[in-house]
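Read through the structures below before going on.
You will see two complexes here that share chain A, one where it goes with chain B and one where it goes with chain C.
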Partner chain A sequence: MIQAIVILAVMGGIFGAVLAVASKKLAVETDPRVDEVLSVLPGANCGACGFPGCAGLANAIVNEGAPINACVPGKEKVAKEIAAIMGLNAAPETVRKVAQLHCNGTFDNTKPLYEYKGVMDCHLAVTQFGGPSYCYYGCIGLGSCEQVCPFDAIHIGENRLPVVDTSACVGCGICANQCPQKILQIVPINKQVHVRCNNRDKGKKAMDTCKVSCISCGICVKNCPEGAITLLESKAGSVAVIDYDKCTSCGICVAKCPRKSIHLDPPIDPELTICEQPKEPEGCAACAAKSVCGLH
Partner chain B sequence: MNYEKRTFSGGTHIQDFKEFTNSLETQEAKAPAKVYIPMSMHIGAPSKPLVAVGDLVKMGQKIGESQGFVSVPAHASVSGKVIGFKQLPVPNGRMADCVVIENDFKDEWLEGLIQPEQNPQALDAKEIGARVLEAGIVGMGGATFPSHVKYAPSKEGKKADHIILNGIECEPFLTADHRIMLERPERIIAGLKYMMKLADCPKGVIAIEENKMDAFELMIRLTEQDSTIETIVCKEKYPQGSEKQLINAVTGREVPPGGLPMDVNVIVNNVGTAAAVADAVEFRRPLIDRIVTLNGNGIVRPMNYRVRIGTLYKDLIEENGEVIGDIVKVISGGPMMGFAVYTMEIPVMKGTSGILVFNEESQVLKREEEGPCVRCARCVDACPMGLEPTTIVKAAKRRDWAKTKACDVTSCIECGSCAYVCPSMIPLVHYIRLAKQYVTSKDGNGAVNPFLV
Partner chain C sequence: MELFALIFGSIFISNIVLAQFLGICPFLGVSKDIKSAFGMGLSVMFVMILSSTICWLVYTFLLVRFDLEYLKTIAFILTIAALVQLLEMFLKKNVPALYKSMGVYLPLITTNCAILGIALLNIQENYNLIYTLANAFANSAGFTLALVLMAGIRERLDEADVPDAMKGLPIVFFVASSMGLAFVGFTGMI
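The block that comes next holds the complex of A and B.
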């Protein structure tokens, strides 16, 4: 008995000494700023910055000179905090951006081409004639965007098109990159005029496809006082596209478009984010204390 | 007689539904009033139209020129007048430019074609290769890979020591290859001989699945005297007809992941392709028709038809008779690996082995809701590529594409064995396709609309 205790005690002592020496000898120097930067990042691990999660970005900012405003959802608030840690000047404030959908092909406006039976993912449906909708270019409506959004900000609505919750969307662009139709665009929140169509066909063919299709007539292009709207030519055909740097949201094109494909949206309050919305605390005290977006 | 039955590991037994058509003689389908000849019926660059609206064309006349090495020409399958160009949907989910020819019902061959070669044995490999290309021959099992490319000397100087003719036809319902083996066996053997000459290959193998013993015995009888050709029988197991599995069963060799049969010195061709090669070499006959199995519970008289390329599914089905019931699904090819199509205005192409038409009563289409994985590992046993479908799919559902890549998802041949055996009705192949899109797409964002690029 005593023997066993002694042996264990001695072994414990030896291992302890070995570990103590090893931890000194093999210690990896980490820059304390990495942890500091990590602590101010939102912790959403959304990947919008292009690095493997928030820890990846923190490391890249401190050791590889990645831009301090690389965190998309963190916006200028986080950028400022990082700037303080790194001893740099924060980037100028920018307008918050959100996702906008370039399609209005609701159940009423277009018709089905076929019935899709299979795993509900736009990527799978798109390989068969651009998806089950009659329009080859429009929203497929199987909600890949909804699945990939790390902020739960985009949901398929009743009319099968996704609806962006502008209070929750942080403009990370993950949905826009993954949408197989490439019909989501990340746009400054103060822009109110949007082309809600992606149809590349011209004239009659486009007209037959959908009630609100862009037919590439070019009336909007001729009438825009800022020269902000152009017909984007591609191999598939053309579609009206707005240059948001030039667009002043005057709404002239909206009034002129014979197909009602361009919409003037009501202004969105850029300050209204999900965190400011009154919210009943959910879950136990620890979870309830954390905000939904992890930013505030 | 007892023969050794070869096979591969994995796979599964599936009900074959071949009894409807396998004993019926192939019928000549009426040439339709209009044919729509797609300019891309093959893997590779589409052909370039050589005709203009208003041109008169003869049967067998070249109307599309091959563009580049991996491409083949297209030919008129009827004589008549070119009346336009039209985009039609094709089974792979895209649109194809088609030349529309109005049939004059004279069936006049272009001069110089269909004349028997006096001494075909004297033709050298170069001439044989040229005739195969000129006839527009592609793999007729469904892959539609241009045949002349398979026989072109490989860059690494590899040489085939086996040419395997694939007479397995493991897809349910389809009996087109079975019938051609029974009806035109000499043409198949002659074609194999030319292919062997073309590739300078000493050995030809004709592989037939055990559910076609009549074809096997016929082939054995016809090849007995020839020591360079071996006819073998394979176990009835799906997917025995898949290239990699067939090579493994016949030669014991393993095609490396991402590799081609030539990497293990083998060329595989379909039996129908061999018959087309024989016709091309001996008669300069271009590929303008093929055998198509028409079946499914929506079809009154299931049958194999010899159909002109460019015939619309609609016309063929009409010739067969009124469809039964409300048609809910049309499949181009076999039910395991074929494509569901949304319209019958699709032209028969060089790779169309079957058209299956189902109404809502079909038992084949019944599929229950997807349930949770019960970890039975049946999919693992069934996978002929030795993958773990359930692990891949679990990762794909989490959208963990790195994990699916680590599980070698790109090796999946999409045979559907796993989904077929899954007791929980999980559409495993769908998830695997999704994972493949993400793993193989350049920007890692999955597929993009084919109409946009």
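The block that comes next holds the complex of A and C.
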């Protein structure tokens, strides 16, 4: 009995001592700033920065020179805190970005090509004659963007087009990557003019497809004082595209467009977000991403 | 020849997962894709060979000597836990690439009953050191085989039209039991 206790105690003692020595000898030097940066990151592990979770980003910022404003949901506040830890000047001013849809093919404006009764997924619908919409290039409207949004910021509206909730959207771009038609774009929030069409057909065909389609007439290109609009040529045809770096949201193209496919949106208050008071995230990554924005 | 029979038997006939039902947890948990299943299998192989050897040494030169054979379970748990800790620290310092690729699996292996099971079986069967090594290798190879096969089936299952109620783990249990039945077919080969 006593022998058993002694032997086990000795074994435990030896293993403990070996581990204690090993933890000193084999200690890996880690930069204390990694933990500090990690503590100011939101902890949502949303992956919008492109690194594996917040810990991955913290490591990349400290050791691999990743940009300090890489955290999308954290915005300037987090970027400034990271700048302080890293001893850098405050982050360059970042303008919030939100998703914008380049399509206005509502029920009123275009007609269905056929009645789609398959799985509610845009990628699958696209494989069936290019989707159930009459327009080959426009929104499918089955909500693949809605399904992937980790911030609950994009929803299919009444007229089957997705509507972006600009107060919840953080511009992570997951929906833009998911969209099979590639008609969602991440745009600075202060830009008000958007081409709401992606139709590449010419003249009459484009007119027949949709009431508000771009017919590549080029009037907007000629009238833009900044030279910000170009006709993007592709194999299928062309469509007017705004260079958001040059656009001043003057609205001249909106007035000139004969097809009303360029829209001037009311300004969005960039401060108006439901992410103002970040809560301490808890639970799994998906719930945590939402709790950061106070949704749950 | 006897050694070959032992290795073949451990991999196919009395497969550690499908016939002895040890290590079911990683079999169901880490078999979602082939890559991570193979990584887990190799990690288990590494730890199982090392821990079986050291447990055999502890038993033969410590426990037998003091007539404390009945303490083998608790002594082995102690040994394996300390060993995996030490291994983790060693890899982190000296082979960071391997440490990164093993990732979260390494600490999980500490609580894998297959490791303890094989260490105990080696003693129960009165194997010498060479047989212990061979048995540990063969059983971990069998574990890897079962895990990779399962992961391959599950990757195809993801695209199959599974009834709603069967989605996820239920269908995996069906697959696991079918695989167990299939492996019964090896019985009697040696």
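Descriptive notes on the structure:
By our rule, the second predicted complex is superposed on the first by the 245 of 296 C-alpha atoms of A that agree within 3 Å, B and C clash if a C-alpha of one lies under 4 Å from a C-alpha of the other, contacts with A are read in each partner's own complex, and residues count from 1 in each chain.
Note that a residue touches a chain if its C-beta (ideal position, glycine included) is under 8 Å from a C-beta of that chain, and two chains touch if they have at least 3 such contacts.
The model shown is predicted, which means the values in this text are computed figures rather than measured ones.
By the touch criterion defined above, A:28 lies against chain C but remains apart from chain B after alignment on the C-alpha atoms of chain A. In the overlay built on the shared chain, the residue A:95 is in contact with neither chain B nor chain C. Between chain B and chain C, more residues of chain A are touched by B.
Once the two complexes are laid over each other on the shared chain, residue contacts for A:17 go to neither chain B nor chain C.
When the two complexes are overlaid on their common chain A, residue A:255 makes contact with neither chain B nor chain C. Contact with chain B, but none with chain C, is seen for A:181 once the two complexes are overlaid on the shared chain.
Shared-chain residue A:118: touches chain B; no touch with chain C. In the superposition on chain A, A:8 contacts chain C only, with no contact to chain B. Put simply, chain A uses no single residue to touch chain B in one complex and chain C in the other. Of all the residues in chain C, the ones that touch chain A in their complex are 58, 62-63, 66-68, 71, 74-75, 78-79, 82, 85-86, 89-90, 92-94. Per the touch definition, chain A reaches chain B in the complex via residues 113-114, 118-119, 121, 123-124, 126-131, 136-137, 144, 147-148, 177-178, 180-182, 200, 234-236. Per the touch definition, chain B reaches chain A in the complex via residues 89, 93-95, 339-340, 342, 399, 427, 430-431, 433-434, 437-438, 443, 445-453. Interface residues of chain A, counted against chain C in their complex, comprise 3-4, 7-8, 11-12, 15-16, 18-19, 22-23, 26-28.
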